[in-house]
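Next up, some structures in structure tokens.
One chain, chain A, links the two complexes that follow: it is found with chain B in the first and with chain C in the second.
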Partner chain A sequence: MQDTGVHLRDVTKSFGAVDVIRGVDMDIPRGQFAVFVGPSGCGKSTLLRMIAGLEDTSDGQIAIGARDVTHEDPADRGVAMVFQSYALYPHLSVFENMAFSLRLAKRPRVEVDEKVRRAAGILKLSDHLDKKPAQLSGGQRQRVAIGRAIVRAPDVFLFDEPLSNLDAELRVQMRLELARLHKQLGATMIYVTHDQVEAMTLADTIFVLQGGHVQQHGAPLDLYDDPSNRFVAGFIGSPSMNFFEATVAGHTKDGITAQLAGQPDQSFDIPLRHRPEQGTVLVLGMRPEHLMVTAAGGMRVTVDVAEELGGVSYQHGTLEGGEAVIFQQTGARHGMHGTVQTVTPELARIFVFDKSGDRVR
Partner chain B sequence: MTAKRARNLAFSAIVLIAAAIWIFPLYWALTTSLRSENRIISDAGVLIDELNFSAYIDVLSTSKLPLWYLNSVGTSVIITVIVLLTGMMCAYALSQLRFPGRQTLYLLVVASFMVPVPALYVAQFVLMNDLDMVNTWWGIILPQLIVPVVVIVYKQFFDAIPREMREAVLLDGGGEFVLLFKLYLPLNWGITAALAIITFISAWNNFFWPFLVVTSEDMMTIPVGITQVTDAFGVAYARMMALALLAAAPVIIGYLIFQRRVTEAVMISAGVKG
Partner chain C sequence: MSKANRRRRELRAAGLLIAPFLLVFTVFFLYPTYKVIALSFTDAPLIGEGTWIGLANYVKLFNDRLFYTSLWNNFYFVLLTVVPTTVIALLIALAVSKLKGRMQALVLTLFFLPYVLPVSVVTMIWTWMLDFQFGILQPLIAAVTGKPVPVFKNPYWVMPMIAVVTIWWTNGFNVLLLIAGLRNIPQDLYEAAALDGATSWQRFWRITWPLLWPITALVLTLQLILQLKLFDQVYLLSNGGPFNQSYVVLMQMYREAFQLNNGGYASAIAMVLFGIIVIVSVLQFQLLRIGARK
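So, the complex of A and B:
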């Protein structure tokens, strides 16, 4: 079968003297659901728009399958895009919105009708084909935007934060529908979001971007379990990872003893293959679910706010040194608000980073 | 009676008086057109005490009114269509295309407001004469095709259309013409109708330029034709008023039908003109 994967080689984008995308390489195999995630201004939307052809590529090469599309017009790339604002044509009916590209391509009337109705069937829009976009709800409008992409039968679907304008409940529902659609169509999809929950639930591969670089890419759980730097560790996971400064107090047989800054009685024996020299300043990362409440001997946390979610609760507090800390409680029903708790990390689940933020393994 | 109610009544009275003052000339034209020429000279009364249609019959049967109507309709329609089409395309280019000199070009369009149209009449007349266009429709039409306000209004409306919609069309395989005629124009039918109405009315009412460029009675537009209604004894008031009312009729009827749009158009262009 024809390769419709997306391949980027040393792709760069500059606006004047400012580089927003800096030498990005990536391979998204055919049929994969790739998600670009990162904070505002990290370049994820720009990168997507470059793949769409809506932004010029300053340097490097973009290929779809074996075809170099770096300098091709958007319409000739075999991509379809779903915008955050839906970008539906307000003066046209749902049917005409979806038929627009086929009409421009002068496809026969029967074919237009058949393709639009089939897409409308997939997206449960068959009863709304005569309506104008203004008469639809947010979720329906989003589906029309997706339908407009489907009728073009593109090699690659591009989604630019398509769910950000929907309310929370609808967002969850549309997320599931998108996942289902991806299975049904089997097309390559690239999805941009700043919401790491969307990224985790939808992606085959996540690309975490920051400052125009891909910081790390991989399967969602791989990024969660094995982040390669502090930025990825902090970005993936909600609530985010706790970070504490520490120094290497000594070496053990298979790792180091790290002492928490400002808390001489708190030291942890952490297994590490590469052991930094004694006195090296490190940053320890601990996920909220890896901090256990213990009777005594752990880090003392004054709980300021308790977020009770039913199944789990997140306790937000401060260490004695003033550092903010979040730990997770499962099944606890008693409020910890205002109390002092002692928590101990699972030693094997402590992530160690050097001062520049790179992971030490 | 409360003070507020009294204020409202006083305000209504002032508005009514102002409206009466405004409408009086029209009313007087109507009564004059319904009298005989002799009676107007002897009694310039304002009451409708006579229903004499001879002035209308005379104007319709002896003047070239039908031909002037045709000239007015023809030139006004052509001016409206060309002004809107070129204005729209110019505005689209200034609003959506990126090319060197775009800002300068836009400033030039805006600056053209500062040139009073009558200041150009002599130059335009010489040009039309050189082009052999005196006494032709094109002679009437060409100098009236420069309407910067249309460009500026369209540009403002085009600027307001979200960029993503434009990009969606590009991805759907549309080019600039598709964008203009299938997206930007349909999204702006309201303003297009409004601009069409004010352009048409100003072309229809234009007196001075057609008066200069046309000397042949066959090529006159209605406002110019009105000046032709004299007889051996001077101005024929009844016939002149009858002709003036006939000339204004299409505009008045058009206004009544499109009242809302005209008001909108006048407000928009007034806003632009500051």
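So, the complex of A and C:
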């Protein structure tokens, strides 16, 4: 067995007849920041709770460091968890909330005091130690929850959507604080979120989950640059990728010529190693930031909504065939809604998927 | 519409809405309360006018040996019921809350069922079950004490047995309150505590108990008030006997008013009991709140 980090081997979980986790393997090396991301119901929280020991594992093996903890009690696993609801003890002061685990372990008073104050110092909570959770703001409560985890000095920190109850501004701020905290503590962290921006900004490794499977894992930019299926392609990146149906019109020297179904006068020469047969129906994926407005011929998009964000703008519209399109504009500010724009994709950055959603490379 | 006009309309609506309650409250509570207070200073019979005799009824009451016996019996009964019923209800609530779905609803219904019964039915059931000759509980009593006991005719057994009947009858409501309180404690807190290394015993004492305390304090206070007002069970099971061992303050009031036709004196008893209930329950609630803050 591996000596450090968190390791899952063919882990499954079913609630009655429903399989929630269907055979997950993963290795998270020591000190890494891993993020589980996926739509709601994909099993990411369940998987985290299984690592924490709050859910039983139906089959497979979970190891933390060299220890097999599959059937150990939560407290004996060396993990600490930060809950979405914070789960602070409402009747205890901030100090006592953070000291709770040490008190249970009957640690000496001096040690409790020192550890709690050190954690409070890291999290800028020193002035609030006597307050009750109800007297704190959302961000402060979040920090107390993190402080409670730090005090336990666990091998692994688990975060279950910890920022989703905060407002947008605070979320960005806490995100940065978490990134700093990870550098400072150097501990292994596993973080669950449905927000792919959080995943991209925090993670060393992202695990994209759907339907109880890990769809793909890797460094954030690897997932962005090289998604292995249509689901990951659509999930990573904001706004999400455009998908257009196309057919293989012919083969070129190093790829294929794909003809758009929604606008048959448009076809693209796409470099591919494995060339599907002529006539095969494919799906082309193009990111909004890789569609360029051009004066020459291209895909004609009727823009109906323009989201102007200042620096960039996102133009939402439809192709002639009715397929939805989003494309990004940087710097330009002209009211595009209601107009027909012509865009062309960067040919090297078109992703090709087969009908079942797998990537064709 | 002018501001004054709108204000007048609002006031009219407000008056209209509270009028029915105010009327009922005045006719059926405020006026009778006033009459009882007034009556307690007269020598009036139950029906008809009496003459003003000042504090004579109260002086007589505080020199009445039977009043002190009744009062003592009341406090003895409170001791026998309030804390035990709360502890039992808490244990049942903790057990029931471990059950899931339909099973929980079923068990809860079973515990709540006695509360639905009228007091006359409750006392009838227990009179039969504890009947000296035929009661199905007599073998149990005989097994413990060596011989059957006519419990409602025995001065040592009577109050504890009335307490048992009362607890059996009213416990379901307390279970319900405590279950509601338990459900209000988020599951996350138990999970966080489990991760923090708390045993189930520690989880109870450090999380459940302090977070349930407001409900527990409420149950204790409601029970105190309810049990000080003891009357029906005593009247139906032992009628105050034997040797006045189950004679309680309301029983005395009932006798004076409805059997001896001393309306004025009975009113004085009622006023004193009212005063005691207010003082004791306010005192208890304050004590419990201080206890919670510590």
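Rule of thumb we're sticking to: the second predicted complex is superposed on the first by the 356 of 361 C-alpha atoms of A that agree within 3 Å, B and C clash if a C-alpha of one lies under 4 Å from a C-alpha of the other, contacts with A are read in each partner's own complex, and residues count from 1 in each chain.
Basically, a residue touches a chain if its C-beta (ideal position, glycine included) is under 8 Å from a C-beta of that chain, and two chains touch if they have at least 3 such contacts.
Here the structure is a predicted model, which means the values were calculated and not measured.
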Fit or clash between chain C and chain B when superposed on chain A: clash
Partner chain(s) touched by A:172 [first = chain B, second = chain C, both, neither]: neither
Contacts of A:261 with chain B and chain C, given as first, second, both or neither: neither
First, second, both or neither for A:312, with chain B first and chain C second: neither
Touching partner for A:91 - first (chain B), second (chain C), both, neither: both
Which of chain B and chain C A:249 touches, first, second, both or neither: neither
Which superposed partner A:292 touches (first chain B, second chain C, both, neither): neither
Superposition clash, chain C against chain B - the stretch among 2-10, 182-190 or 254-262 that is involved: 182-190
Chain C-contacting residues of chain A that also contact chain B: 52-54, 73-75, 79-81, 83, 85, 87, 89-91, 100-101, 104-105, 148, 152
Residue ranges of chain B touching chain A (in the complex, touch as defined): 162, 164-165, 167-174, 178, 183, 186-187
Contact footprint of chain C on chain A as seen in their complex: 52-54, 73-75, 79-81, 83, 85, 87, 89-91, 100-101, 104-105, 148, 152
Chain A - residues contacting chain B, complex: 52-54, 73-75, 79-81, 83-85, 87-91, 100-101, 104-105, 148, 152
Chain C - residues contacting chain A, complex: 186, 188-189, 191-198, 202, 206-207, 210-211
